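Listed below are the structures to be examined.
Across the two complexes that follow, subunit A remains constant while its partner is subunit B and subsequently subunit C.
Our next item is the complex of A and B:
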């Protein structure tokens, strides 16, 4: 088990280096940071001086090694755009993104599994048909449009919920700020969480439904019925439990996707998270922030994959047996 | 450990707004506290007043810091921290400024000439982004506590026009907080002035959360009459649809960057109104008329070097159609690359002729391009109002005279380096004139590329006579003689068809009914100018 974790961590380091290299190579095609950092009156000599001072004239390999050696020490430099240390900037935006991702992830999982089980058990019911057709919207409409529609309906027409921002936040400790503890903070979470989670919910629901239908056809379910077990025990004790392995994998990977691709939702709702920070940084060619953000996303995916692997151990006894067998 | 500190949020703002609405109803508007919730597309990049020479950054800074001279909405100069200014009677290379009495910083210390000397030197520093505007300055001195002398290399009759965005800081405050120079991006740490401020302006900084919200409170010790707005809550909202929704739902009071397509809808909404005004910015096309060969043309040689081709392109452009179709009426078509605010502008220069396709086709044939040619056109798609759509319209218009334009549309950070590095044959550019004088246009767009001049001359226009006139007008102190030089240069540029001007941009601010705020030509509205009905 320990060897397994250590091996995964070593692999992760290689992944991180490759991500850093690829993203660094891509930054050359995003644009010239100097043109956005200086006003239109700057002379050619002034531009050249700034370029030299930032080390942008150095060869690619030198810039890359400079970045890696400083990143290892946790130093990602100063944002070209907001002039703050990049680490501090990202950490101050991270709570907003994580809270949003958590709420939409939980919403997607709870409703996804619930609807999935319901539609699998009541395949011909009118409610199932409705849920299935409405869920098509979740997969087919772009996130941007869903967000704008929700704002138009709940913020402009009904005026129930705020259209932008995080509302009132409370600082917990030195760097975590939470929106959970105030009424306006909770109200502000609802629309972005639905927008971000809708696609994932649909995905989980359809996955659970398909897996359930598959399991319900198997022999051991028939035997369970023959043994006279209650419907409840069969559906939840036997059927649902056996559908959970692929569902956990997908949910875990989707949680990474929710954090990484919250960019559109955060932009639509002016949600002050790392996704909105990233998109603004791309527009400004803020290389230090872009580099640090991509590294952060790589770390998140690596950690989530590790947790998912460990969860398999807990859910699927066969894996434990095989590993134990291999040890002898 | 749980340290809990509450930040006033939307709820608090709404409560305050309803309290003030109540006060308004009781006829106590002038005496009561008034909060303005103000949204625009992007935030100020920094509070450091010399670190970014950029519109939204200056706009916020004008509320906290002050400049020696201000700019009125008609473009004229107004006294601010300086009450009098002029060229020294005995030395035409020295500007003399007399400071206002009784000005204090937000920390209570008094403004002296030493603070002004310090600030101007800081703005000229290596890491400052304002240094380009003060390139000709040799020395700044304070002969007494209320007078400042600025010495320039040669006579600089228009130097005072460069001071409208150069803010004055407290020397003692900068020393105490180690903010003696503007942020150095290569340094490892953040400058104190990036998120803290101590100015002399009408508002003090209460809260600063970059890109989330900035709260300003009226400064009781300000030298001028107290403004009606006592609190400003400034929120950037990047997405156009969300910005408009926030105004419709009553979550903000003023929206500065209104999308052209939403103007009609907002005007028809009860309780909202839209204010319009011309911006000090001209949108135009320029082409490489100086090189031997073009980079992307389908023919040998440089067709843009041929005056007949340039004339034909001018005849093919339908500016009124662009105004009607692309801009939905929100632009002022023009025949010259300079907005009406600028010294040197005349109605004759501004006039433009209706398109004449037959004549243009004849000119193309005469120039030897009867079969036309193809060329790339570079356009930004996120910098000016409908910039990409304007370029698309031009593509259709030029196709009618046989010029097949391949449109290359990209983000601003990709587009502008092409012009600066001379890697484009044909491009769209919008040029604002912060000094309100033609010299600024000539220096950057017209003069041959030499030293500090010609940085944006992507036309590669090079005319020794014009260059000589531009250099001469920079040091000419006789303003009538200078105006004559400006007129001569414009006449030559119009004859040579150096630019293909399209229109002057107009701005629209949308706001709650009952708020009065005029559009500022440099898009720098001051909330201290807001009045309530």
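Our next item is the complex of A and C:
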């Protein structure tokens, strides 16, 4: 178990190092940081001096090492555009994105698994057919279109829900601001969360359905039926548990994807999260912010992966090889 | 049935027809299958792959996979029909009155639950006992089927057991709620040869102890000879011959059975081995009219092409579906 975790952590570190390299290359070679920082009127001598002072003339390896060691301490430099420490900027935007992703992820998971199980168990019912057809629209429509449609219907026509922003937020501790505690904050979450989670929900639903149908055909389900177990025990115990083994992995990865794809949803709904921050940074070639965002997404993916592996391990006893080896 | 001292059968299958509706017409996989199993009796069921052995078992326990369906005949358990029960009524019979052992112990057990969880759940589904009592029963059962250190091993997952041990667990599960009839569908085919006999012995012993009847599906005539009281030979979804094991083995009346037994006179030297009958069993969509065996039969004559032979008594308790018996025999 410990060896397994250590191995995974080591692999994660390697992944992070590779992403850091890409980030750094972006940081260092996209645009010229000196001209961005000094503007047009600075002299060549001034530029050279700054270049020297920032260590931009050092060998690549030294610069990379420097970049990584500062990144580990959370130092990604100063935003060209906003003249604020990048880390501070990102931290102030992170709660908005994480809360949105969390709600989307939970919605996608709960409805994805629910619909998946329902359509697998009632394969030929009209409701299943309807759900499957609608879900096809869900995967094929682009996210921004879904967002715009939802805004048009629920914000403009019906005027039930706000069309942009986070609503009223409450500060928790020194840097976390939450929208969960106010009615307007919660109302503001609904449309963007649906927009962001719809695609993932469809994906999870189709996966759960396919896996469940597969599991229902297995010998151990036939044997469970032959022992007279109740349908409930068979479907929601034996079958669902086996269905979830592969679903956990995909779902975890989808949560990472949700955070990454939040860029579009945040833009459509003017959601003040890191995705919107990233888009604005791209527009102004604010390279430190872009590099930091890349690293952040990588960290999130790696952490989720790690959690998924551990969950997998907890659910499937066959992976606990050490125990068998110990001769129990 | 004319058997004078035969008690009321535990299971009685009469003219069972199982069909699969397909786009190209209806396939008749079982055609008027009839047989009885007496209380405490072991009925062997043989026939080559695709003969309909597994379907017969599935039809009895009510688990035919759609679109397969019972299209005719009836199945009675202690005189009461069970082929027309609701899903829920049939569910109460499965495991409780009819147990089933499948072929492959590697895939029959849910990999994510311990043996204890699966046994206790099965016991408590059918019997009103506490968790602790169910566990006691489960340990005793595992011990009885020959799992060493059952009290400790019961909390292991299936993948911790070898194939033979897993099949013992499967037998324990099938017998957990003390069924009156156990259908064992090729219970040793997937196992290592060295453990096959042990598994059959365990199954047979426990069922004998409890007075449970067994329907033993296999294509191993050796197992049938040692284990079964009577044997039914299936061919292309029809019963070709049924009778006491000794009778059928020594005096096979149906040419197909004779072929199976390797009792063809010219091949006496190899009479203990299974002799290959030339040709193959017909596919369901091309079963010949008349006797289904006629393309492969060495004794075929014109009547065999015209009319299907029905089961007729050839000797006490010994029935055969062949025109030869009809004309020359009883």
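Just so we're on the same page, the second predicted complex is superposed on the first by the 276 of 328 C-alpha atoms of A that agree within 3 Å, B and C clash if a C-alpha of one lies under 4 Å from a C-alpha of the other, contacts with A are read in each partner's own complex, and residues count from 1 in each chain.
Convention: a residue touches a chain if its C-beta (ideal position, glycine included) is under 8 Å from a C-beta of that chain, and two chains touch if they have at least 3 such contacts.
Source: prediction; values computed, not measured.
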item	value
Which superposed partner A:220 touches (first subunit B, second subunit C, both, neither)	second
Partner chain in contact with A:108 - subunit B first, subunit C second, else both or neither	neither
Partner chain(s) touched by A:241 [first = subunit B, second = subunit C, both, neither]	second
Comparison of subunit B and subunit C by subunit A residues contacted	B
Partner chain(s) touched by A:169 [first = subunit B, second = subunit C, both, neither]	first
Residues on subunit A engaged by subunit B in the complex (per definition of touch)	30-47, 49-50, 53-55, 75, 77-78, 80-85, 88, 148, 151-152, 155-156, 159, 162-174, 182-185, 188, 267-270, 272, 276-277, 280, 283-285
Complex interface listing, subunit B residues touching subunit A	1-12, 42, 45-46, 48, 51-54, 126, 129-133, 135, 183-191, 194-195, 209-213, 235-239, 241-242, 245-246, 248-251, 382, 411-414, 416-417, 420, 444, 449, 451-452, 455-456
Footprint of subunit C on subunit A - complex, ascending	218-220, 222-231, 233, 237-238, 241-242, 245, 315-318, 323-324, 328
Subunit A-touching residues of subunit C, taken from the complex the two chains share	61, 63, 91-96, 99-100, 102, 104, 107-114, 121-122, 125-126, 156-157, 159-160, 170, 173-174, 176-177
